[in-house]
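Both complexes below contain chain A, partnered by chain B and then by chain C.
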Partner chain A sequence: MLAFKLAFKNIMGAGLRTFLNIAVLSFAFVIIIWHNGVIDGWNQQARKDTTEWEIGQGQVWHPDFDPLDFLSYQDAHAPLSEALQSEVATGSLTPILIAQASAFPQGRMQGVVLRGIDPQQKILKIPAHLLEREDIKTPALIGKRMAQSLKLEEGDPLLLRWRDKNGAFDAVEITIVGVFDANVPTIDGGQIWLPLQRLQDMTGLPGEATLLVADESFTPSELSPWVFRSQGYLLSDLNAIIQSKKGSGAVLYGLMLIIALLAIFDTQVLSIFRRQKEIGTYIALGMTRRQVVGIFTVEGSTYSILAVLLGALYGTPLLFWLAKTGWAMPAASTDMGISIADRIYPVYGAGLVFGTVALMVIAATMVSYLPARKIARLNPTDAIKGKIQ
Partner chain B sequence: METIIHIDKLIKRFPAGNGFFTALNNVSLQFGKGEFTGLVGPSGSGKTTLLNIIGSLDAPTEGEVTVLGQSIAHLTHKESAQLRNQSLGFIFQTYNLFPVYTVFENVEFALLLRRMPAVERRKAVLEALEWVGLSDKAHSKPAQLSGGESQRVAIARAMVKKPALVLADEPTANLDSKNSHNILQTMQRLNEELQTTFLFATHDEKVMNYLRRIISLEDGRVVKDERFVHTKI
Partner chain C sequence: MKKVIFPALAALFFLAFAWLPDANEILKKVEQNLSSDNRVVESEMTIHSRRSSRTMTAKTYSSGYKKSFTEYLSPAREAGTKMLKLENQLWIYSPSTDRTIQISGHMLRQSVMGSDLSYEDMMDDRKLTDVYTAKVVGEETLDGRKAHVLELTAKVADVAYFKRKMWVDTERFVPLKEELFAKSGQLLKRITMSNVQRIQGRWFPMDMTYKDMLKQGAGTEFKVKKIQFNTSIPEYVFSKGALKQ
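And then the complex of A and B:
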């Protein structure tokens, strides 16, 4: 307590230099929280959207299915086993059939992926019910990115050509009956959603599926040869990207933090040099050297505590405002391959805030302790005269 | 008279070049409680060195120094800090006040190291400031004080814990004649009222006029030890 009181007095006595140290440190503090808050907010939004729109509570895959290998789509399908069928009947699973095709928007040719979905499914947020159209032979849903890239609107026709299971080409004109707005690019870009049964007819694969999406009532059991992919497995790409974003951000604010810590280190080295007489006097008045080292170390920690307070002062309204208005993502970021909303709303968890405070205090204490250790080797009689180099 | 400092065949050597420099050479002295004594001698004769050893800021090379029953050579860092905090007061030529603290806080500092209740502490600080006539400057910062006032703050800081022994190294060297007399009278009064032992190192003729015992050092040896029944003033 004494050390804190002394430290506070001493660093306040240092005036402008103190203010600069504290300002830089508080800036690093706010940026760290903001940056991590944005990424955490993004992570939460991306997980939520991906779960709701694409992966559900996990998926059951045909053993040959590899989402990254388009060629695997040709063979990765099979009729549902009885066990799977009964899960589908209770609504715990919904089957999806995947096939490759070519689309011909405005006479161009473009490779697309066809996804057959049950119009009555309730597991994914995809508005499959729009596909229940008696009046249209092949109704189709697309996402807004796909609509933009193919320049299609609701009601527009689109020519599709695909190979059936025997490899024979066939063609049909589909009609866009809905454009959905999801932040999940993997169900949007290059994807065309058709009624499951229609796609099964087109491909000559009645009753077959490539994968099934689960809801929370599904409990994975022996499904062989089908394989269950947990939510964690399906989100691992997302996690990897989030981690790498965190890492690249850490470089930026790590640099800021280092500059701030160097400033404290420098201030400490200088002040220990300039304040030798004071150090000698502390010892003459009956402090042990360890206590004096403590005073100077606490002085450095006090910078970080004041920086946290200052950061809280201007950072709290700023961060709350940013959390409310969100952080607009540039249009190009939709090509990242993982879910990004147009706006990311940062989330500042208690762990993030306390962790950052702890990081600041520990780092500042360490850079203050290093120069302060010198005091322990100081000869008090020299220090009192202030003549050490 | 009760003896509070025993010095027996004290030798202090400092490393110098390839060999040693002997700053104190076979010094044997005793100091009683309530003395008002000065160490005098030319520059480099070892006055400061002797004060530092008595204050346990430095250690003897050879010989035995006992202060208030404690053998200086055998104290740990902590024990010597304890001795200084409990029983010793220091006054320096350059005052050595803490620039960022007020006069009150400078004096209070000596007591902060003891776990004394705040109310008692405040009383003691105000009393010490009264001794040196600076009650009205309690909230000033050292930079706002004259040299004489600064040294009086230093005296208050040394005296506030009512130590058995005050060590003052050239306390008047930076002061003019009027201020020198003023602080010497202050210390003389405290010496009489509180029975505090004062030990000075000095060149200053003005100081010598107040001393009741003068020990002359030359090249690290005691060459004269005179006592005066009454001060010369």
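And then the complex of A and C:
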């Protein structure tokens, strides 16, 4: 307790130097929480959107299907087994057929992926019910990004050319019946959603699918040769991106933290140099060297506690305001191929806040302890005389 | 009266069809003109895009329908690019990267050097008589030449174009125009042939224009500068080793 009292008195006595140390450290503290909050907020939003719009509670894939290999689309389809058909009938799975095609908006040719979806499905958030149009032969849904890239609006026609299962060309004019707004680019950019049965007819693949999306009631069992991909598997790429973003962010705020800690380190070195008489007095009064090292270490770590308090003072309203208004993402980020909302709302969990506090205190204590070790080697008589050693 | 009219109409109908030449015979004559055991073609391809046009020259060696080797000679940017087609496989060698890549799957649907021709169009190597049922549907005059109008409908499922319409010169048995249709009846491509010349005893269209009807632009012109039929082509030309030479 004495150590804390002395430490507090000493650093308060240092005036502006203390304030600068605390200010820089508190800034690092707030930035760390904000940055990690943004990443966590993005992670939560991206996982939620990807689950709701694309992957459901997992997917059952045709064994040849590889979403990253367009060449696999041509052969990755098969009729549904009886087990899968019964799951589809109960509504725990919804089939999706994928085929490649070329679209011709305004006379330009653009490669597109056709996705057939059951208009009555309830598993994904895609507004498939809009495809239930008897007045239109081939109704189609596209995402906002696709609409922008093809310069299409609801009600516009679009010429499509594709090959059926035998390789014969076919072409038809589709009508855009809806444009949905999702933050998941994999269901939007380059994708055209058609009624499943219509796409099956167009490609000559009746009753076939490329993958099936599951809801929470689906229990994976023996599906061979189809393969069940869990939500964890389907989100692994997103997790890897989030981790890499956290890593690159850590470099930036790590630098900031190092600058702040360097200031504490310097302050400690200077203190020990200038306060040798004080150290000698402590030892002469009966304090062990260990206790004196403790006083100086606690003094250093008190910077971090004060920095946390200062950071909390201006950081709390600031971080809450940012959590409320969100952080607008640049327009180009939507073309990166990963789920990013137009605006990311940071999420500050208790683990993040307490973890950051612990990081600050431990790091400040360590950089305070390192120069303080020198005290253990001081000769008390020389120290009391104030001799430089 | 009815007893007279119906037989008369039936006879007229029969006579009309009897008068029309046999479509398969026409196609066979067309193939006699256009196909050969092998050939060496020096050509010039001009691609008209929306903003500009560019021309490239190439030399192509082909053996029957199955093997073909093309080397681009100009412009400098494309010079040295080579393409080898063996049966249903296609490789492209790019001198700038010194790499040979195989074109397969959806990449075959890409256009060749930005033209109106896709790699798949180049891969189509079956005889028309093998995959289409042909019938003569009329006669028209194109650029002052009388032409049979043939309608070809696929008799096998694995054919790229379900229906074709072909205008064949009635004297020279060379196609003057061809239209390629999707299963839905949508016109996909139009090919016009002109500058028909007599070469080594056969008629051959030296100029062709390919137009992808779904795309904007003036199409792709293909001019044959020099052609030699049934000449001697060393077998190594049709090997992957020839791509890097």
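Methods note: the second predicted complex is superposed on the first by the 389 of 389 C-alpha atoms of A that agree within 3 Å, B and C clash if a C-alpha of one lies under 4 Å from a C-alpha of the other, contacts with A are read in each partner's own complex, and residues count from 1 in each chain.
We adopt the following convention: a residue touches a chain if its C-beta (ideal position, glycine included) is under 8 Å from a C-beta of that chain, and two chains touch if they have at least 3 such contacts.
These figures come from a predicted structure and were not determined experimentally.
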item: First, second, both or neither for A:Gln74, with chain B first and chain C second; value: second
item: Which of chain B and chain C A:Gln100 touches, first, second, both or neither; value: second
item: Chain B versus chain C as contact partner of A:Asp156, first or second or both or neither; value: neither
item: Partner chain in contact with A:Asp237 - chain B first, chain C second, else both or neither; value: neither
item: Partner chain(s) touched by A:Lys277 [first = chain B, second = chain C, both, neither]; value: first
item: First (chain B), second (chain C), both or neither touched by A:Met109; value: second
item: Which superposed partner A:Phe169 touches (first chain B, second chain C, both, neither); value: second
item: First (chain B), second (chain C), both or neither touched by A:Glu52; value: neither
item: Intersection of chain A interface sets (partners chain B, chain C); value: none
item: Chain A-facing residues of chain B, complex; value: 48, 52, 55, 57-58, 77-78, 81-86, 88, 90, 92, 94, 96, 98-101, 105, 109-110, 112-113, 157
item: Residues of chain A that touch chain B when the two form their complex; value: 2, 9-10, 12-13, 277-278, 280-281, 283-291, 379-381, 384
item: Contact set on chain A toward chain C in their complex; value: 70-71, 73-74, 100, 102, 104, 106-109, 111, 159, 161, 163-164, 166-172
item: Residue numbers on chain C that touch chain A, as the complex places them; value: 104-107, 109, 111, 154, 157-162, 180, 182-184, 186, 188, 212, 214-217
